[in-house]
Amino acid sequence: MTNNTATKTGLVVSAHSADFVWRAGGAIALHTSRGYNMHVVCLSFGERGESAKLWRKGEMTEENVKAVRKEEAMAAADVLGASIEFFDMGDYPLRADKDSLFRLADVYRRVQPHFVLSHSLHDPYNYDHPLATHLAQEARIIAQAEGYHPGEPIIGAPPVYCFEPHQPEQCNWKPDVLLDITSVWEKKYQAIQCMAGQEHLWEYYTRVALQRGLQAKRNIGITAAKTLTHAEGFQSIFPRVTEDLS
Amino acid sequence: MTNNTATKTGLVVSAHSADFVWRAGGAIALHTSRGYNMHVVCLSFGERGESAKLWRKGEMTEENVKAVRKEEAMAAADVLGASIEFFDMGDYPLRADKDSLFRLADVYRRVQPHFVLSHSLHDPYNYDHPLATHLAQEARIIAQAEGYHPGEPIIGAPPVYCFEPHQPEQCNWKPDVLLDITSVWEKKYQAIQCMAGQEHLWEYYTRVALQRGLQAKRNIGITAAKTLTHAEGFQSIFPRVTEDLS
Amino acid sequence: MTNNTATKTGLVVSAHSADFVWRAGGAIALHTSRGYNMHVVCLSFGERGESAKLWRKGEMTEENVKAVRKEEAMAAADVLGASIEFFDMGDYPLRADKDSLFRLADVYRRVQPHFVLSHSLHDPYNYDHPLATHLAQEARIIAQAEGYHPGEPIIGAPPVYCFEPHQPEQCNWKPDVLLDITSVWEKKYQAIQCMAGQEHLWEYYTRVALQRGLQAKRNIGITAAKTLTHAEGFQSIFPRVTEDLS
Amino acid sequence: MTNNTATKTGLVVSAHSADFVWRAGGAIALHTSRGYNMHVVCLSFGERGESAKLWRKGEMTEENVKAVRKEEAMAAADVLGASIEFFDMGDYPLRADKDSLFRLADVYRRVQPHFVLSHSLHDPYNYDHPLATHLAQEARIIAQAEGYHPGEPIIGAPPVYCFEPHQPEQCNWKPDVLLDITSVWEKKYQAIQCMAGQEHLWEYYTRVALQRGLQAKRNIGITAAKTLTHAEGFQSIFPRVTEDLS
Amino acid sequence: MTNNTATKTGLVVSAHSADFVWRAGGAIALHTSRGYNMHVVCLSFGERGESAKLWRKGEMTEENVKAVRKEEAMAAADVLGASIEFFDMGDYPLRADKDSLFRLADVYRRVQPHFVLSHSLHDPYNYDHPLATHLAQEARIIAQAEGYHPGEPIIGAPPVYCFEPHQPEQCNWKPDVLLDITSVWEKKYQAIQCMAGQEHLWEYYTRVALQRGLQAKRNIGITAAKTLTHAEGFQSIFPRVTEDLS
Amino acid sequence: MTNNTATKTGLVVSAHSADFVWRAGGAIALHTSRGYNMHVVCLSFGERGESAKLWRKGEMTEENVKAVRKEEAMAAADVLGASIEFFDMGDYPLRADKDSLFRLADVYRRVQPHFVLSHSLHDPYNYDHPLATHLAQEARIIAQAEGYHPGEPIIGAPPVYCFEPHQPEQCNWKPDVLLDITSVWEKKYQAIQCMAGQEHLWEYYTRVALQRGLQAKRNIGITAAKTLTHAEGFQSIFPRVTEDLS
């Protein structure tokens, strides 16, 4: 149950190939800068549901769209310093069978993550998102079981965080963690700019980062962080274990 | 808005004079052992509602009961290494006017706490408990305001945690923090034993600590803490600001 | 902590003088018919807020309205077989000080109830209603305390049920108990007819009883009650202790 | 129960003298532009809790601060086209007695509002805010009662909306109405600029309006509003009655 | 993204062939009377789970039951003025594969609805009901995607409403819209009478309409609708976008 | 719809082969001692996910593990006095197709249970658990339908209870029933000891029983049960129908 690698690791499970950028790009860049190995799994390319601009160009095929989306995602991961892989499970609707579940469980076993990021547990605008989270959760449970691939090193109990959905209140998403991403904001914005097909979201998520930044300042203790400007919000699924409450 | 004292501090707001022992004795002892100054405010002595054994002795007056309870609480605070003060506001029912609110706000200003502990937000078995939490919350807000005693140093935004009520599920209390109190359990149990009038609760809260301890183990990441045996649960009211998600 | 009276008892805390009829008239009549002593406390007469028809007659004073309402309530209690008393605390708004709280705690001590009925915990249409419930809850807590009027027999832990508000879903009220009042429906309807000033509600609460009756049939186990036609819904505040799950 | 005035009216209950600007300035300006008479009640000036910049100037008294805040609020109301009055109840803490309640009920009777705006029902950062909403709710209930000032025209059942708090998710606030304020955004921003003492919030609430604007676009039906850029979010307390679901 | 048809349209997704009558018959008739084209999709005939009376006749086959149920549903739709189609997916349990999902998405594309009606999101008494709602929700999302049948006109963002389940509180269903169906009540009752196999529900849903009618009156603003007698309740899934709050 | 057997019956649906012991062993033994026939269905053996100790022995195959687990479960059922059967559906992940659903519906038809026990509705630590509950719920619905195996006696509406999960608050589980299992505790502990592979849980669930026992004492009415020491908690899914509220 131990992690023999010296380096800490984090795992991001993204329903579509751009979600990890808008919603967790700061967390990825920040932990990379702190020495973590960050790994992203994109379950689909968002080829049907999140590539409107590409489809409107006309003369597109699903294969073309997927290729463009893959390239964008790889470029963004590269900027953020993360490794990335694609499950190509299809979107709108995303559907997971046992094979996908085991494939993801195997990623957990390989990566041995110290924390996991995925989508909110509810999203009335996007059914693929919660499905991704539940897949991430169930794969984590399987990777913890001694009886799955007996003999292989199991994983511990990494905390799982839900990153911010597009309309947070409508998804019953409530952040209990505000991550200070000020030091890596420039990198996140650079990654955002890799998403040429969704330019209308660039400023939206810049504003999200600024709002969460100001909220983080409001929630900081006695030693005020005057320089904090950008943040990302996360909702924990599990209680955290600690030895200090300040 | 800065805290000039070199030492970190914590504030505990306890409705009755024994609550801080059962529910936060581990947190107090742990932070004391880590160098914090911990301060406890007891709003009442629990003289009416939580001193059944004393009353059953007969020949008791409210003043006698309060004196005994005060002595017990002081002994327990002493064991835990905390300073303590008593507001003597009465219990069953506890009621707070503006003066009590300002008195508590003044404690905040004086202590400049790095974190605050109080009761759950709901408790159908004990209306004094949530009242204490709301008083602690509102006093914190007032102590943050520049216009309250202008010129005096205001406080920052210390996190507030709700400690465990007697019947957690019935109080809609859900711990999102499990504090490892293994290293100070002996001290907590010693403090518990100061509460001679509520001996029936000693083993109850020992079992609570063991259950929370096992739950903490289940929620720990890759580096399993084999030696963790006792814990206390807390529910955060505010999001925490951090730079590391593992 | 024992109840020396051979007869079981129930206590109903009603914000206004007609609430106990619409919302708990069946429960009162049913338990009376089963040999309970049922006692009703009306905190106010509903003289301002629930006497529109009387006020529209013109030439009315608050004293007149209260007198009419009192008479109606006494007649209804008589039909249902309950004793009744009036605290005359005023309505719209109902406000409770410590004296009212202790007065109600004394009723608990005197009645030694085996169960308690009051309003829902929320009601955006009527702030007097939840206030009555919270007063009933806090008085119950005080009546349980050895330190309140030491030496007097304290009460046990009678279950508390919230009866049905006027717009149940808007009050976040969810019944977990459906009481079969078929055998006493005629009595309840007779009591309802004592409320001359609120005739528009007679058929409303008849329909409520029929709907809850059909819902009760849907929730009955293997031995179907073919004769069940009328029911009242209640929401428990505390868990029940039992030795049989069927 | 009828409203004899030809003009429709709206009532805004603001805990502190600037809240109505940040949170409902668009709604006020929009309805004014549609011919409504909008009226604002400021329960306090926010003199203690929301005037940090003024206090930091030094040499300030509470009276000075209140005067400055009043002037700012009047200027903002003027820009938005609303009438305004001040209850001067004090802040941090705001406390309401029966007189304040009746005073507000009398405003309801006078204004006969077609809708009401106030704060969120919960706010762990600001206890004055929910207190204002509950006062607004209870005053509305009293103004509906025939027995309050009998003979006076009572009010109907105007919908009540909670406007957006500073940290929406932390307040369990979930908007179910998005109001298109594109046409009056310039006016709202002009009113915002009257709040010289809280300049750090100008851009925060500009971003809020842009985010809610984009969310509104996402929630619009078949006839897309290409020109919609700014919105305000509101949470309804009561169900709305309608004859058209599109 | 525009709807070229001059006529507004509404879509109803009904798990079993009678649900749309009890739960949305008024909404259908009302919008038909206002010039909408209303279209009903019955996912199953309720042949197993909601045809007890037919089965008790004996000598029945599933095909017979389905034929009778289809006839009843067509008659009811005819009374209400709606078009209707049957997916014949089976009931108890209803199960949806990708084909059913795409088939329903194609209906969305064809109908281009201005609003959508389906079941509550939870129902412990009937698992087919929430499954229908989730299918309706996911099909709506797919019909919005440019990448599904690229080139075909996508749909906008029609509001989705959950109609009333049989035991509303047990389904955590809370109406935020009360639709005045007084003008079409006779038509709804006529449609209800087409459901010969479920006669025991006729009066149940008549009472539902009367209760919701009285509740609607309670929630109406200043201009009281004296003539309002019958209503249907709905719960919105998405926020509505508006320019008027009264 | 009647149950012709003279003996009352209870059904327990357990995701893995040991769950019924920890979570419902007291309820089983208690009802057996009261003359009920209790029947347990184990959907899987927990061979992958809950047999860590066995796997760590090495040289194990899934078939071996299942055999050991089966033997332990049979021994425990024997101690508790229950009959038991195994569906062998596999665990981590448990997945249910229509055949499993019908197989369980057939058990309902055969057993005609007066009450049903299964897992909590949520469990972020164990996705098999809620899946078992939902299967139990849906099978119950199918067994109630006249159209499923027409002519066969259908079942009534037995109450369904969720038994206690491992980390109750994290599963949003809130007990509303506390079952006094004092009289059968020894038997439960004997059954617990059959679970040789999970010895680390023996004392955990002993403490659970003691805590629930003390909580039960706190919730008992006037006639205090001095001898009550052990209890099990349950959460009801459906309202209960009763004729007595004490």
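Read from first to last, the chains carry the letters A, B, C, D, E and F; within each, the first residue is number 1.
The definition used in the following text is that contacts are C-beta pairs under 8 Å (C-beta built on N, C-alpha and C of every residue); 3 or more make two chains touch, one makes a residue touch a chain.
Keep in mind that this is a model prediction, so the values were computed, not measured.
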Identified repeat of the B-F interface (over half of residue pairs identical), from C-F, C-D or C-E: C-E
Between chain B and chain D, centroid-to-centroid distance (C-alpha), Å: 37
Multi-partner residues of chain C (at least 2 other chains): 125, 170, 175, 215, 218, 233, 238-239
Pairs of chains found to touch, sorted by chain label: A-B, A-D, A-E, A-F, B-C, B-D, B-F, C-D, C-E, C-F, D-E, E-F
Chain B residues within the chain A interface of the complex: 1-3, 8, 10, 27, 30-31, 34, 36, 112, 114-115, 117, 155-159, 161, 175-180, 215-216, 218-225, 228, 231, 233-234, 236, 238-246
Chain A residues within the chain D interface of the complex: 125, 166-170, 172-175, 204, 207-208, 210-211, 214-215, 218, 233
Footprint of chain E on chain F - complex, ascending: 98, 101, 134, 137-138, 141-142, 145-148, 150, 237-239
Chain F residues touching chain A - in the complex, by the definition given at the top: 47-49, 51-52, 55-56, 60, 62, 65, 92-93, 95, 124-127, 170
